[in-house]
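Below you'll find the structure I mean.
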Amino acid sequence: MQWETSISEVSSDGERIRGYRLDELATNLSFAETIWLILFGEIPTKQKTKLFEAMLITTIDHGIGTPSAMTARIATSGGATLPAAAAAGVLSLGPRHGGAITQAAQMLAVAVTKQESASALVERYKQEAKRLPGYGHKLFTKQDPRTKTLLSLARDLQLSGPHAVLAEEIETMAAKTFSQLLPLNIDGAIAALGLDMELPAESLNGIFLIGRMPGIIAHIIEEQMGTKPMRRLSPDETAYHGAPPRSITHSDNDAF
Amino acid sequence: MQWETSISEVSSDGERIRGYRLDELATNLSFAETIWLILFGEIPTKQKTKLFEAMLITTIDHGIGTPSAMTARIATSGGATLPAAAAAGVLSLGPRHGGAITQAAQMLAVAVTKQESASALVERYKQEAKRLPGYGHKLFTKQDPRTKTLLSLARDLQLSGPHAVLAEEIETMAAKTFSQLLPLNIDGAIAALGLDMELPAESLNGIFLIGRMPGIIAHIIEEQMGTKPMRRLSPDETAYHGAPPRSITHSDNDAF
Amino acid sequence: MQWETSISEVSSDGERIRGYRLDELATNLSFAETIWLILFGEIPTKQKTKLFEAMLITTIDHGIGTPSAMTARIATSGGATLPAAAAAGVLSLGPRHGGAITQAAQMLAVAVTKQESASALVERYKQEAKRLPGYGHKLFTKQDPRTKTLLSLARDLQLSGPHAVLAEEIETMAAKTFSQLLPLNIDGAIAALGLDMELPAESLNGIFLIGRMPGIIAHIIEEQMGTKPMRRLSPDETAYHGAPPRSITHSDNDAF
Amino acid sequence: MQWETSISEVSSDGERIRGYRLDELATNLSFAETIWLILFGEIPTKQKTKLFEAMLITTIDHGIGTPSAMTARIATSGGATLPAAAAAGVLSLGPRHGGAITQAAQMLAVAVTKQESASALVERYKQEAKRLPGYGHKLFTKQDPRTKTLLSLARDLQLSGPHAVLAEEIETMAAKTFSQLLPLNIDGAIAALGLDMELPAESLNGIFLIGRMPGIIAHIIEEQMGTKPMRRLSPDETAYHGAPPRSITHSDNDAF
């Protein structure tokens, strides 16, 4: 099996990432610039770097009560090593937790290409009784402050484009159309701004994973340093609603 | 890189596990017998199979409140796929949750080899203020019913040997020596009985992982079928004890 | 947060799985029967148990060259713990490796319900240029011997039903329709026979995960016992096709 | 169960990390500065930020032939989702792959505290036939270029201290003492410089996990975009050395 790559080249002389010597990157670029380079192949402009840093920072942690922090800490409490607990945290980042970015990006990209208006799009989702990916948040029910920061910064940096414009129009139309407010959330904002910076839609979810990793590690280290024993639910936090007490009878498992 | 193995051989004619044709195994053996074969290289006797089945069954699930069930269900609630959620569950099975088997086996194996008595061993652990691996349980504070079932079955099958005898003597001595009861738990029982069946100490923890997998899968399927949204802690379940609200000042991040 | 379950109930008296005392299960049932019970809620008949054991056995391992064995062994070679390496193995079990069961089950269930014939279904997949889930294998290009074993056993046990019949008819029609043979593979056979035993389609992929776990553990233990250092590709096994050697220039990263 | 943390506080008004508003961090700090803040509690100086960025960059990827890249790509080839494949990559980062940082830090911290000389330390390891953690590399057999970059940068920034000095002295002494060169590797350099910046030893391994995540994601995206089918070893890449072909006999599985 031959393994081919365009990412990096390693020899006994050293390593090159996307053609650049690793030591040149380490002494000249920021970590965020190097992340962009390894993911997308080129060094970003200063403006794009600034917005990219902000995107990574806003995903770094959303509190101890989120699935990624909880699974990482519970695994740690069972004695998992640092990589094992970090993996457990990462594994909770599915479509309902950080992973709506991909669907939101697809929705926005198609709508911009087809020049579908925000009102038509929202109406269509309402008719089909589908959830708008990248909208709504359990805690930030009126407005997601992280989103506003990113959109405002993008405008200041002149990086905001048609996807961000559409994303905000959808937020406005959704408020008029649905019975509850559905603010543009962080997943939706990363999708819109990533597309406006011409990043490939399928890679945007990776930004969330990279951005969240330090938060997961911080929760693991805090849990390791604590003195708490294995986390388990107390009996009053659980409820059993299954079959009543019973015994095995002959008829359960009849003759062969 | 050449990959060598003694486990299985696959060709276009079919597969052999430890020398036996897979189809012959599938029509003639039980799953537990085949697990033993793939792990240890030979088909077990009927007596060993019976005890091994019981060991696997007693580890299958220990309630929704354990780390393995919680992490698997939380990951599922975030939208993780079945393998991803199963992996999250497995990752919480560290030294404090199912993983004390290895340490317990080492303690018992060394003590039997050196003919150390239970009283000397317990006294030594007390002097060194070390925890006895394989003893004590948060819920089963007086006696672990799962352990009693396995030890009794092993005696009936004439598979109980010096490690099980020592394990029970340690339980008795610990009750006299420490201020709280430290019943032999399921980790300790699997360690003792695995050694009495002459299984390699380093493989015993694998039995727990295999036995627990169906329970993890059952919790994931139940969570998938439920209608609950993403599981997250409510504000009254969390408490923040960190730095007070503050703003970035010049001195935080001084001149380069 | 209240955690509700119908799977198990744990108290200081002991544990019940689906209503049965764990110790009663451990002394009276096989591991496979208990797996069925915890997944599906009831104790299976002897016939269903026999077929279920065979399904679990045929998935136990498909050689050192499969993704699940390779990832588990490579992670072990990097120093991963047993649970961490097992999780790495499980994570490679995606739609292209053991995970086609779900899609195959959906295809077969819909076709049986709608009484679509094998010829119509195969023609439809050909027209839409879609892959038939549960058919074809890289190594078993003419016939998958594991599948034949399961289907034959199911017939002997009188557990074969309309889904297995359709699955074999599709295999025959596909041979006439496509340019290469597409034998019913193990994923397709588990899907068909699971449906014929009236198991829920969404749980069938779990059978593969449970069945494969012992094989993954066996590979990890063998890797741990070996003396090989960290597995890494040698330079002649890799090829770099990316950007040529270059240096950072001013224009890469222009003025802010 | 009450969940306590000092990392972050989330309310419907927004979020604070270590006391700072997330939007203030996103608009004023770099990603690397925010990583330092969430891990260690305070905003780093410009000098420490510069060295920290370089540490993260030098760990970002070490080629397609490393366990973390291979497991992530193999899992992807089996159909794993982005988080699942990322977790598989992270899980290979054990003590032999990025995880020697912890042991190297412990060795250096104790030696500096006890004022043990490099020659005494190297002699002690030779006597005990133990490996020096943080030294030696399969490819960089004479000198690890990444290490030299970091140590030189640390000196320029006046952040080099007793641990870095000792680390280099050990490299020199090891060259005189052992039969093969054992250059200070990237794990050892991160350990030494982390300690010189007064970071807690137990958190240093987390830097490697955070730094490597973008490289893992880049490999997954490249693998997803490729057209390769499931990666599996060809028959000539594997070798079976186990039991010869055999059949089940009565004596394998004797009477109960």
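A, B, C and D are the chain letters, set down in written order, and residue numbers restart from 1 in every chain.
Everything below uses one rule, namely that a contact is a pair of C-beta atoms (placed from the backbone, for glycine too) under 8 Å apart; a residue touches a chain by one contact, two chains touch by 3 or more.
Please read these numbers as outputs of a predicted model, since none were measured by experiment.
Undergrad: Report the chain whose CA-based centre is farthest from the CA-based centre of subunit A.
TA: If we average the C-alpha coordinates per chain, B ends up farthest from subunit A.
Undergrad: Return the chain pair with more inter-chain C-beta contacts, choosing between C-D and B-C.
TA: B-C
Undergrad: Would you mind pulling out the distance in Å between where the CA atoms of subunit B average out and where those of subunit D do?
TA: Averaging C-alpha atoms per chain gives centres 28 Å apart.
Undergrad: Can you give the whole-Å distance between the Cα centres of subunit B and subunit C?
TA: About 23 Å, centre to centre.
Undergrad: Can you give the whole-Å distance between the Cα centres of subunit C and subunit D?
TA: 32
Undergrad: Which subunit C residues sit where two or more other chains touch them?
TA: 1, 3-9, 11, 25, 29, 63-65, 70, 80-81, 83-84, 87-88, 91-94, 99, 231, 233-235, 237-238
Undergrad: How about subunit A: which of its residues touch subunit C in the complex?
TA: 1-9, 11, 16, 18-21, 24-25, 28-29, 33, 41-47, 49-50, 80-81, 83-84, 87, 233, 235, 237-248, 252-256
Undergrad: Of all residues in subunit C, which touch subunit B in the complex?
TA: Residue list for subunit C touching subunit B: 1, 3-15, 17, 22-23, 25-27, 29-32, 34-35, 38-39, 53-54, 56-58, 60-65, 70, 73, 81-84, 86-88, 90-94, 99, 139-142, 145-146, 148-150, 153, 200, 202-203, 205-206, 209-211, 213-215, 217-222, 224-225, 231, 233-234, 237.
Undergrad: Could you pull out which subunit C residues touch subunit D in their complex?
TA: Spelled out, the residues of subunit C in touch with subunit D are 63-68, 70-71, 74-75, 77-81, 84-85, 87-88, 91-99, 138, 229-235, 237-238.
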